[in-house]
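Please read through the structure below; I'll follow up with questions.
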């Protein structure tokens, strides 16, 4: 009972951070200043001109959503928390909270000559996020005394493999960013779709 | 038990997004700059002059509240989550998180010649929101294995009908926006009152 | 069970709005711009000069905290939600979400000639908040079928009396605001201390 | 049952404030303005130049995380809430909500001649936070009727000692701030690591 309550609170706190970070993304959408808008056409143009911002918003929203679904899938297998799990989880939340920042960089700079740096910062953050997921699962599954009794070895290896695979993929996205911002973003998107489908298959 | 816990977490995460989006609306209220305010009368005038902002705040607050009540009513009938429900719910939350943005557009442009475009963006977002509710209910109710056992066919059809009806209504509001911003907003308001009453009758 | 779950979700959603509104208050604290700050003394002076902002922050924080404690005390007596309760609660949350706005007005204008208008807006919002609490308790307690079975008539009358008493008190604070901003704020503070003590006595 | 529900709501509300305050920290990260950025190198330089902001973000994130872990550890021993606990907890949340503000001061002024004042405000806030933790534990443990029955005297003394020790340490950090901003921050960091390790040992 007391053990159950512990997991509930760490999940509630994490849900809070995830839901705030995902909602704050919308605060970064650029707002057309009224001084420059004279009529309906000007506002429509300003609105359509901001498409990289809407794309960045949607991309980051789904990346955080998939992170949340993964977090949820991990904690479904944990029956007891430890200090190690709390700090590994904390490190991951720090990075989740930071996602709106490089999202704004992409929104602002994707159509500028500084697009490569902006996307490199974005991909760099996802390298760190990948490390934090590997760390969280490693901390939770070593010794196995924090996992639920019915978690089998195949599950432990499934998560380890999926997260380890992300590391080289994000490193590639990071390096590609210096040559093609669009291609780097596309690699990130393919990864998220892959995880979405993996988790989907696993949840069946 | 484990199944029950799953629904709790997706509801908690959604509640987080709903409550943040609804509270962030207040951040968009325009603040009278002290440089232009010399006395009590000037501040009162500036405050009263911003009435479209307060109206937009109240409108969007109640639209999100009614969306939350609907979300609540939908999840009362779901006993088990699936990947499909998670993504349909995620798409809906993306749009909820976006509501403060066109709300600010209305607050800023309702008294300007660009009012039509601003209201069209607002109505356009609600078309997407309507699609997301249709999608969420469709995903939850097809095959029925995610619904609770005691949910009868009448309930399934009730929700489907109410949400399908919203689609043409919002399309009308969107088209009307190009001719009359005020009339388009009025159509949206009538729809929300209709849903509030429908759900009220249904909850009895 | 299903009934219990309903109350949990409306409380969780309300807690979300309360905790976000209370935390957003800190975003309104004025930030000394680096262009005007040359040394430690200048920063210390700028920091100390903003005292009305810190006072407004602390005042509004405790007012929202006391509202939350009252919300908590009300919902402890409710065992079942209804559409009426949902909308009365929604109206109250709308006003809670709006508290940061007049708080900024006070922070910005308390030391200016427009202090009276700023405090009048603040007191005016609390008149509406008082109406919403009266409305919520009235909706919850009429017919009594939403209250828990063990809630006696004395409790119903206790809440009604405490909230009804607030209405004339806030009206006085609103009228006084036009003559003395400081006195009007002082009346609000006395009221909050009174409620804090009433609830304390009642909780024993 | 009713008693259990009370603790759940105060924890949920507190979790909300903690998770919002910790996520809002990221909103304070300085954003390079596009007018000054001509190419990838300029954006990379602007990004790297902001290192005190990232350091301040990480520091404050972990300080709030450790506060949350402590809050969690305290409430694990409380089985029943009282008005005293609610106000002591409210005072603590007020200070948690305020953490983003001096964090921005450090981010903005750490590389300027006003660094000492900025860090002094930061350390000063942590003196108040320490007082609030002492107050919360004192309120919860006096008379012991709010603690769970199985909490022994050693636990009560453990928390009291750890929190009392923080007071002189933060006062030292505050005084040192006027001579060396970097050393003062270092003292705060050593304290957080000490608490992280204490709680870790205690949780075993």
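As written, the chains take the letters A, B, C and D, and residue 1 is the first residue of each chain.
As a working rule, a residue touches a chain if its C-beta (ideal position, glycine included) is under 8 Å from a C-beta of that chain, and two chains touch if they have at least 3 such contacts.
Model, not experiment: these values are computed from the prediction.
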| item | value |
| --- | --- |
| Most remote chain, CA-based centroid, reference being chain D | B |
| Shared interface numbering between chain B and chain A [over half = same, under half = different] | different |
| Whole-Å gap between the CA centroids of chain A and chain C | 35 |
| Gap in Å, rounded to a whole number, between the CA centres of chain D and chain C | 25 |
| For chain D, residues that touch 2 or more chains besides their own | 12, 15-16, 20, 24, 27 |
| Complex interface listing, chain B residues touching chain C | 11-12, 15-16, 18-20, 22-27, 29, 31-32, 34, 37-44, 47, 57-58, 61-62, 65, 68-69, 72, 76, 196, 199-200, 203 |
| Complex contacts: residues of chain D adjacent to chain C | 2, 5-6, 9-10, 12-17, 20-21, 24, 27, 82-83, 86-87, 90, 93-94, 97-98, 100-101, 104-105, 108-109, 112-118, 120-121, 178 |
